[in-house]
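Two complexes come next, and they have one chain in common, subunit A, joined by subunit B in the first and subunit C in the second.
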Partner chain A sequence: MKTAAALLVLLFGGLLVYASLEFPAWGDPMAPASRHVSPHYIERSLAETSVPNIVTAVLADYRGYDTMFETIVIFTAGVACLFLLRIFGRRSSESRLYRHLPTGITLRISRGGAVPLSSKEFERIDLQWVPYSVVVRTTCRLIVPFSQLFALYVIAHGHHSPGGGFQGGVILGASIILFAIANNLRASLAWFSEKLAVLLCGLGVSIYVATGALSFLLGGNFLDYGTLSKPFAMGAVAARSLGILMVEIGVGITVMAVMVHLYYGLASAGRHDEGL
Partner chain B sequence: MDLMAIVLLCGGLFFFTGGAIGILRFPDFYSRLHPAGKLDTAGQLLALSAVALIILDDLSREHLLTAAKIGLIVVFVYLTSPTATHAIVDAGVRAGLRPWEKRPAGETTDDDLG
Partner chain C sequence: MEALWEQILTKANYWMTIALMMVGLYAMITKRNLVKKIIGMNILQTAVILMFISIGAKRGATIPILKHGDAAAAHAPRAVDYINPLPHVLMLTAIVVAVSTLGVALALAVKIYQQNGTLDEADILARQVPRSHEGGP
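Showing the complex of A and B:
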């Protein structure tokens, strides 16, 4: 089996190298890419998509398929990490610590014992992990709203300045990780649960694909945002700009959810029970 | 204005250089974090204020906005960089890393690895 796998890898690697030998030389002015593709993007992208940032126009419009599958790669990686990192069904195997708030007494409840979950007088304490110092927690709490606002700006302003769905999604995910650091994993899970993270992973990809399918249903090609002009009552050029924004939002949601879920898995060694 | 910007920029470079030398030359984890946290924060404050001053030399609405953005960067780095250093030191203490102590040359013990 291993030899077969190695042979397959060698075969496809060899094919890749063989195919890349046919490429035009690096920076060749007579290559098709530099003869008509790049000049078209540079000269016409603003007129065709009303997006001043050429990178965004190429990424989300002209090369929409490419970016769609990039997003699907991120989604797949997130799902793979879910199965690699997550440990299911070992919740009650360890004892837990609770502090009785009015008296300050700490209780250790061993395996199978009754857990005072319903009572507000008990506060769960982590066994293996001590919360961060007040300096780190306060700064994280201060930074969270600003970084979230900045993330939304990066996603929405990706048309005009460097940025877009991938970058904004990472910043948004980082802000939720900062929230988890400022409090702890359980507070973060109560606010942004694992189920929500996994759902948002899929939702982002679905938004991207649905945008493509919508333009398909409206009579254009898949991911041809120009056809969105009919339902949104705007010009075809503005509709392409709108389509880019919708797609970027989808990318941002997926990237954010994957980052948060990865963090949950790594911070709690897959248990999602206690941790940072 | 230009002179002020040059002086600030040189000051920033001085702190950055000091920070880089400190990171390279100090003996252990904690003492290396000291220049990384302090000098870099001071250096970015001076260097970015110099950049803001250079932009404000030609006063207009857009330049004012850019300078305000640079000011925000300074504020946030000023908040987060020392906190990050603090968190890293905290992690070192939790992992059981011992601070460096001066010993006669050539003498090593098992404690060197923490």
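Showing the complex of A and C:
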């Protein structure tokens, strides 16, 4: 089995190496990939969209449809994770651990037992609980606001520097996941609830589609942001850059919400109760 | 010998990604643990992404963000000065799709583990066989 697999893989690799002998040399400016539409993008995108970052311009304007359905792919992944994993109710959790804060005693309440209601005296802790590290929590508290600010910068400044909705959304999601890892899943859920995550998944896609539909209603093609110049009182080229920003914000919201939702689902095996 | 050295220098990027692809494909075929298979799939995706990014490279060119200061705005951008932005766009979305497939694959792995108590492919198949004899077609 292993030998057969190794032979198969070597065969594929050998065929690919053989094919690569005909490929253009690395870094060749006249390679076929760099001659078709790419010169148009490089030479015309600033004049046509007023966005200096060509990647952003191509992503959200020239290939707007592609990115829209890419966003829907992410949304679908979030929804698929919800349907695959989510378990409602608490029939699966066998027992719970509570710590009595004044005395420091840990109580194990087995299945069916009465659960303390007052949260002032009792603190719920995970079954596989490890003592919190003050260093980790404090560092997390310091890092999270700055990483979120940086994420917003990456989204908003994606026109002029490397960045955009996908990158900024991932950083925004990572900040919330960092909070969940440094504290626990319940603290994170109290801050950024599952309902909010699912709502934002859909909201981001809706913003994207609504931007496309708005330019459609104003008399242009779907996702033809040039027509946004009428309601926003700006030139057609500047309106394209505005349309790209709106679309990127939608992408960022969806990516953030899906990242967080995937983490919630995977870390707790769908129970959203206790996990990593 | 000179020609071979020339080939190695100009095709090294493709060969590195091919090597990475072989690692991923081998892991996907031979590993019995499903999570290791998923990791193999991710390595394969990374190899494809790196290959596309290396196709976009141009000798002597800079990143595809146009210089747009007061002095630079005077002359129009030339295609030879900036690397090809198209592979970057395609791979930006491909990375996100890779993350989405990873998330769904891990969700399926969690579900399989809950049902079978193992992630080992052979053990899962061994548990499936008697069931299919009872009520299967």
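In the analysis below, the second predicted complex is superposed on the first by the 231 of 276 C-alpha atoms of A that agree within 3 Å, B and C clash if a C-alpha of one lies under 4 Å from a C-alpha of the other, contacts with A are read in each partner's own complex, and residues count from 1 in each chain.
Keep this in mind: a contact is a pair of C-beta atoms (placed from the backbone, for glycine too) under 8 Å apart; a residue touches a chain by one contact, two chains touch by 3 or more.
Here the structure is a predicted model, which means the values were calculated and not measured.
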**Message:** Tell me the contact category for A:52 with respect to subunit B and subunit C: first, second, both or neither.
**Reply:** second
**Request:** Using the superposition on chain A described above, determine whether A:85 touches subunit B (first), subunit C (second), both, or neither.
**Result:** second
**Request:** Could you tell me if A:162 is touching subunit B, subunit C, both of them or neither one (first, second, both, neither)?
**Result:** second
**Asked** In this superposed model, does subunit C or subunit B come into contact with more residues of subunit A?
**Response** C
**Message:** After the superposition on A, what does A:142 contact: first (subunit B), second (subunit C), both or neither?
**Reply:** first
**Request:** Considering only touches as defined above, state whether A:101 meets subunit B (first), subunit C (second), both or neither.
**Result:** neither
**Request:** Report for A:133: first if it touches subunit B alone, second if subunit C alone, otherwise both or neither.
**Result:** first
**Asked** subunit C touches which residues of subunit A in the complex?
**Response** 1-2, 5-6, 8-10, 12-13, 16-17, 20-21, 23, 25-29, 31, 33-34, 37-39, 41-43, 45-46, 52-55, 58-59, 63, 66-67, 70, 73-74, 76-78, 80-81, 84-85, 160-162, 164, 166, 170, 255, 258-259, 262, 265-266, 269-270
**Request:** Flag every residue of subunit A that touches subunit B in the complex, lowest number first.
**Result:** 130, 132-133, 135-136, 139-140, 142-143, 146
**Request:** Enumerate the contact residues on subunit B facing subunit A in the complex.
**Result:** 76, 79-80, 83, 86-87, 90, 94
**Complete:** In the complex, subunit C touches subunit A at residues 7, 10-15, 18-19, 21-22, 25-26, 29-30, 54-61, 63-68, 76-82, 84-89, 92-93, 95-97, 99-101, 103-104, 106-108, 110-111, 114
